[in-house]
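Both complexes below contain chain A, partnered by chain B and then by chain C.
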Partner chain A sequence: MLSQLIFLYCALVIISTALLAVRFHNPVYSVLSVLVLFFHIAGLYLLLNAEFLAAIQIIVYAGGILILYLFVLFLVNLRQEIKSQRFVAHHRLSTVVSIILGLSLLAIIPYFKLGAKGNYPVARIEQLTHTKAIAMELYSTFILPFELAGLILLIAVVGGLVLARNDKEETADDVRDSTATATPEVQK
Partner chain B sequence: MQILILLLQIAMVMAIVLLHVAYLTYFERKIIGHMQVRMGPMRVGWHGLLQPIADGIKSFFKEDIIPQQADKPLFLAAPIICLVTMLAALAVLPFAEGWVLADINIGLLFIFAMSSLASYGIILAGWASNSKYTFLGGMRSMAQVISYEIPMGLSLVGVMMLSGSLNLSEIVAAQGTSIFSIYLFPQIIGFFVFFIAMLAETNRVPFDLPEAETELVSGYITEYSGMRYAMFFMAEYIGMMILASIGTVCFLGGWNGPFVIPFFPPFWFILKVYGFLFVFIWIRATLPRYRYDQLMAIGWKLLIPLALLNIFLTGLFKALVH
Partner chain C sequence: MIPLSWYMVLATILFSIGIYGFLVRRNIIIMFLSIELMLNAVNLNLVAMSHYLDSLRGQSFILFIITVAAAEAAIGLGLVIVLFRNKKTVYVDHINELKG
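And now, the complex of A and B:
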């Protein structure tokens, strides 16, 4: 009963903050509502006994990526965005398209079926602790996709370094700044 | 009834920690004073002992000024975000065996999560004040915290590998009671990285660039006054204590000491935390400030490779032993 109530609360907050993130005129407020959203997603993970995922959700998404978004936002002049009424030209048309998209998403929901049960029921995860369970799966069953993902991220890091690198030494400060801000997202 | 007891415990921990914050500022002024051959605060009470209380009352009754061009809701929320996240991190600290508010399996990650959220308070304070000094201070702090969170996390991976747990109580238990089995010795590289990252994460000298007074007035807190200013102050000092406790738990064997103190099990834990805090203050009295590009170079070119090397060596050691 209590867990259902918490789920309902989290779901409501997730939906409303997601809407707010799109509605706010000030992008900084949008980022903050996404922050609240991430928190409640972490809450949902906690309900599912996935405490490791919940912590990583906050550390990586809220603590890393979202802060980098803020960093970018601060470098943009926000005054014009706050004043402008609409961001898109064909407002009516986009409303119609988005309503159709939303309705079709709702229509799909009844066809949603639960998948087959995995090897990790709640009781086993509780006994094993979630961190250990996820590590064992990641480093045994899914080792190849995991290493591939690591390789892709490494390529992104190297690419970022190449883009940020400047052959002339005169703008050494710029290079330092961009490596400091661009790589953490990829590394985490 | 259980909830009542828990609330009482939370209130006790908060009261004790806030009292520590107050007297940490006193000792900081006193120690730095004596290191610079001054007396430090002497006027309020015997040797200035009541000074923190006078400071607290003063900042409580001061006017709370909000700049006209500031983004009001965020300006008001920023110090609260800072303080609340820091206080929340206290919940998982084990002061002694069984003396912990929330004994969760991801204790270490929880502290990382909370300390990364605290940087939101600083960034928003810098942006919402709508002033050049605060903005630059906020930006600096943001880049600094993001850069140093990585070596900090990586330096503790070695501890996690040795103890096989993220639970802070279990990390202490895994180090055993002997002074020679603490993780400081096998994890000396990790401890070095952790210690420098700790200074940078708490924005302390020699890495206090976000509030470098010679260039930025006082950085992101320039526009704050009264109690909100005090909140930032408290958050910073609680952050110091939390990181000192993490260092104690992960590298110095937590509450275990040479012999057991009856009736007061957290004695050794507190003593070690005090040791860390003294070193914090000592460094502040001794070292000059780094330049910003030097700060970034240390973080990315020295600490992160060292921390990775430490993880590799620890893994190699574990593989060879088993």
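And now, the complex of A and C:
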């Protein structure tokens, strides 16, 4: 009964903050309401006995990704955003499309059937502790995807550095070099 | 005990809100934020299902989803910075050079 109340509270906060996040004028408010949403999703993970994933959710999503969003928001022009139009021109059509999609997905849910049970019941996870159980699964069954995840992160780091680098000085140097090499030829 | 369908309904509603935000907003940063909402809806579904299936497959899959989400945020926001540096706009309907 208590867990159902906690679920309903978390669900209410998640849905309302998600709606606020896509409707706020100011993008900073949107990011902050998504922060609240991530905390409540971590609460639902705790309700599902997944405490390691709840910690990862708060550390990586709330602590890492959202801070990145806030920094990028401060780099672009906020004052113009608050005054200008929030939505694209055909937003009524998009609203209808997303409502139809949501209703059809909801209509499919009653036909869902659970598959065969795995070999990690709740009692065994509680005995092993969740972190150790997920590490055993990750480092035995999913060792190759785990290495590939590291590779993806490496590519993201290199790509982010290359994209965010301001190479205006370099181009200025290139122009100067080309003019320096070009002018003697002209003089000849 | 909470039935699994409650989690699935919540994840579906969150996913639809993410789709709505992605289709409706002009600001490309809020569009990325809507993608994060959709990824979180899928994560919630995976955790709930793997809990009710007595399995850890879904929960270990989530670590990979979070990895890809972090990589996507880093690369996508880098692209937004480059876009703003070159075109001085973050609105998707101002980016129409290829329009005939």
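Throughout what follows, the second predicted complex is superposed on the first by the 156 of 188 C-alpha atoms of A that agree within 3 Å, B and C clash if a C-alpha of one lies under 4 Å from a C-alpha of the other, contacts with A are read in each partner's own complex, and residues count from 1 in each chain.
Going forward, a contact is a pair of C-beta atoms (placed from the backbone, for glycine too) under 8 Å apart; a residue touches a chain by one contact, two chains touch by 3 or more.
None of these values were measured; they are calculated from a predicted model.
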Looking at the overlay, does A:I41 come into contact with chain B only (first), chain C only (second), both, or neither? second
Looking at chain A, does chain C or chain B touch more of its residues? C
Between chain B and chain C, whom does A:I58 touch in the aligned arrangement: first, second, both, or neither? first
Pick one for A:T129: touches chain B only (first), chain C only (second), both, or neither. first
So, A:I152: does it touch chain B (first), chain C (second), both, or neither? second
Contacts for A:L68 in the overlay, against chain B (first) and chain C (second): which applies, first, second, both or neither? both
Output check: A:A50 vs chain B and chain C. Expected answer is one of first, second, both, neither. What do you get? second
Mind working out whether A:T95 is in touch with chain B, chain C, both or neither, as first, second, both or neither? second
Overlap of the chain B and chain C footprints on chain A, residue-wise? 56, 64, 68
In the complex of these two chains, what residues of chain C are touching chain A? 1-2, 4-10, 12-21, 23-27, 29-30, 32-34, 36-37, 40, 43-44, 47-57, 59-60, 62-64, 66-75, 77-82, 84-85, 88, 90-93
Of all residues in chain B, those that touch chain A in their complex: 71, 74, 104-106, 109-110, 112-113, 116-117, 119-120, 123-124, 127, 135, 138-139, 142-143, 145-147, 149-150, 153, 166, 293, 296-297, 299-300
Inside the complex, what are the residues of chain A that reach chain B? 28, 32, 35, 51-52, 54-56, 58-59, 62-64, 67-68, 70-71, 74, 129-131, 172-173, 176-177, 179-181, 184, 187-188
What part of chain A is in contact with chain C in the complex they form? 3-4, 7, 11, 14-15, 18-19, 21-22, 27, 30-31, 34, 37-38, 41, 44-45, 47-50, 53, 56-57, 60-61, 64-65, 68-69, 72-73, 75-77, 81, 84-89, 91, 94-95, 97-99, 101-102, 105-106, 109-110, 112, 114-122, 125, 133-134, 137-138, 141-142, 145, 149, 152-153, 155-157, 159-160, 162-164, 166
